[in-house]
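As written, the chains take the letters A, B, C and D, and residue 1 is the first residue of each chain.
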């Protein structure tokens, strides 16, 4: 129990994700509920260094639960990588009588938060907010579910054209290192093939699979490609290669890009963000620090930052099998 | 291992839910994948009795993963409650050389399936497809996630009007016995109060809470009401009572109704349906019967029908606390 | 040319509609563009009387073009119906050096605006903002297109259930006096029958039509009912009557209600609102008053308030014929 | 009045657009309504040549009004450019006793249809189905309104990220020759700048405008770029140029691509398609040929193919002015 806790600062950092506003709201509302004070920090760690704060109370966060992005804004901060920057940040927190910090973001955010928390006597709690779902120790990160729906809705639209014209579409989705978005949205969108970084399908097996697909009576096809996939990395080149080898297909490319980061959060992400925002303040009251709050089988868990960042998250092999079967 | 397994019938029964088509597709595709045959039954158990079948292969289920409802249709069947009806159903299955049955639906469906499976030498597997999430032994039922998004999107629209006019809206959502939809959508939509069957708030505490809400600076409010809630059951009467006692509010009622059952399934529901559809056929191949396939902490589980139906599902008390806090 | 024009007030009044925020934004931005000043009035005419103003500049209206409702809020004002209230309103405008007024709303709003404009030496321009499309002299009102999309998306969901269960759904949509929403959304949603106030179909012809529908092979049906329709006014009673006379149908009722007023505006409504907001300020600069700006065949038109309010808008008989044909 | 009219063929050709299915449905339903027969042709003119027909009645087109794409499929046909191909097509129509042809598509489609109609004694009516709105003589083409909504919803998502990160986004939308999509979606999405083929803004004026934008307090910006715009044609190069010259911005590029062609049609497009589909059959009954049916100020018009194709459609200069003003 942290008895001296009186004022909490909250910030968002790294790439924005849908539900960050809902998480900020829950942090703020729980501070009010627990008779604590709350300040927001603009533009992540950079705002911490530049002393860019705003007082927040329960009414400051009304009507934001349904909005994408983060009203506190986010930014990358080179200065926070330097001891001098972090010292300034600490000083700014002290000057405002801030006792604890909640950071919402991904692994980069948690790395910075962990260093900061180890250097200074200020408890820091992390909330996983990233569409990539690449944080260890939590079943889901905030924004991931919304991103999946965005991708699937986009591919539903593309499929209208694909099947009207008997075409093959390569659709690039986010995921530099993790194939979760590609695998799940690929199954959800009924893709014929899914290319992910964790698995090297190889172009030959891809060609063979597409050939078989045509033989089995499929006239149009969607291939979902994670941006970090071995053979899909250069998607234009891959499209050309397929076109050269499978002239019976008309091959097209769509890169979904930044629409995947935005949009009104799904109910799941709003509820998750509300739970984790509340849990972060609860954890501070319980005297915790240097941990991320996450969710495992519907229960709140506390995960040390180093585990959240370094732990190996593995791809769901059962789902890869399902993907193979349902694209029969 | 069921070595004599050759042909599987699949049907949907009870209220339709988004993702049922995706589940049928996965059942059919896995039969093709495993070199089995598949037939669909129209209109649930009633079609079984009336011999209303259709042969299905991998191509029969293309372009349906994104569609709400069920292309096999659903119906209530009084006849299936009679031994005579079930005898006819069994005979029709035998006449078509069907070796096993997959049923997609809710507790009513599983009750019928369980009786049938006990009476005749035909293995039956259930897949939980209902928006109510009221089946024991699985974390989620197919359609629940989509219904939550539908409700939250509808309330987002209502909130536009509520805050433009400083009004109080009572929004009735589905849930005769279970408050899961109300509780989760209420948190997701940022409701001020949530009325669920599992908890008797009482009208006085509701009035008090709404009064406090106004005092704290809130000018508009949303109250989400599960249709089975004690005081919310008669929502028009409740609205009148609130209006009489809180004349400072302008009270309005919206009953969301049947829009909650339809719509293109969310990515989550499509993936869940794909996994469970595949798992149902896998279970038959493994010689299982009289069980429901479900998902628990991302893993496939096999739940005896009697547990699925009778087990007590409890409301998430942690989330009730979160709801209280974030509506501060 | 109004040379003394320096400061313009803008308000929204009556029922809110999607696109009102976009219209306010365009008014404000055009005042900035023309080197004029702008103030917003909260809660319509009531805020005018209660002196509830806010200074607005180009940055005040950022990021609102996509939001439903009206951030200036809306309210009914009994006081504005009294000479005393209007005198107060005028005094408040004078005290703030406001030279002209832009009002966004429907016929009630324009009635008040017209009286006010005739009583006092202050030019007033109206912008048609209502989902009902019941204003004479403009092809479209702001919010109407969005409401149509909302209704059609809702009925698409209901149709999933209707066709899964072979049911007949009566869907009530807005339209006390005008059937535009019902007729257009009915055609858009593929309804079998559409009941509108302008046409008295009669229950017998409705029954006959539904009977024929079944005979022609339709297994499910949607009937769209405007709330002001003669026989559809009491929709529950109508449903009971149909059920009694057509026992082969399973009849269900859904009242769409307030979801029709909210939501992010469609592109069409945003563009229309932008054009009309700009045109309102242009009209004031041109010395106009006591008129509504509207759009006719893609061109801006100026319509005297009395014409906008009293002119008879007629139902599109060609579209009624189309509705009959496409529901064959 | 065409007294010998008995059987009508309908096809879709060129790029698919949302609402094509609704148009086919209206053609088919009106033939049934008028006691005529109808056949569908798969894959446009190519299917005509390859004798790929299907009989259609009122029930064949149920539950398709809400679906994107075209269930009759579309294709480009080199063969139809040759006299021999067209001769074959004519012979196939005669062999099936088809008396008239309805073609749904854009200017390429109408060019082919016009030649065919002049060569052979078979009346042909066109329906404008293309997202580009680049057909002369009709206010709107089927699919255009839906495409605008798709673009605006996508940019709404991108804006979440843009404003969370204070970034500048270049968003490429469709429009090789016509800037209608860019201009209207740009106004609808609240873009700071809009680049269209009809207007050569010049990179210098773009830079200047963006600089001014920053000075006026805007921290993030969206620039909508039609793919055919002079300086926006090579969007990556343009982004690099801006980045070099405006280092205070972080510049990002998103190419919306094929999601713009698909999706469930808006209510407006469904109603337009229903009206034009009915009108096409009406026109054939009236003995018309070699014309397109279109809509002008809500009324059906008949436009000779050569006018529809060659007439110059001009950009809406009033809207360009509105775009300038509302981006203040």
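The rule is short, and it goes like this: contacts are C-beta pairs under 8 Å (C-beta built on N, C-alpha and C of every residue); 3 or more make two chains touch, one makes a residue touch a chain.
Chain by chain, the UniProt names read as follows: A, B, C, D = ATP-dependent 6-phosphofructokinase.
Just so it is clear, the model here is predicted, and its values are computed rather than measured.
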Reference chain A; chain at largest CA-centroid distance:
C
Centre-to-centre distance between chain D and chain A (centres being mean Cα positions), rounded to whole Å:
35
In whole angstrom, how far does the Cα centroid of chain A sit from the Cα centroid of chain C?
39
Could you work out how far the Cα centre of chain C sits from that of chain D, in whole Å?
28
Can you list the residues of chain D that touch 2 or more other chains?
156, 159, 163
Chain-level touch network, classified as line, ring, star, complete or other
ring
Considering the complex alone, what residue numbers of chain A touch chain D?
12, 15-16, 18, 20, 43, 67-70, 73-75, 150, 154, 156-161, 163-166, 169, 252-259, 261-263
Looking at the complex, which residues from chain B come into contact with chain A?
25-26, 29-30, 32-33, 58-59, 62-63, 65-66, 139, 145, 148-149, 151-153, 156, 159, 163, 184-185, 187-190, 216-218, 264, 266-268, 270-271, 274-275, 277-278, 296-300, 316, 318-319, 321-322, 324-328
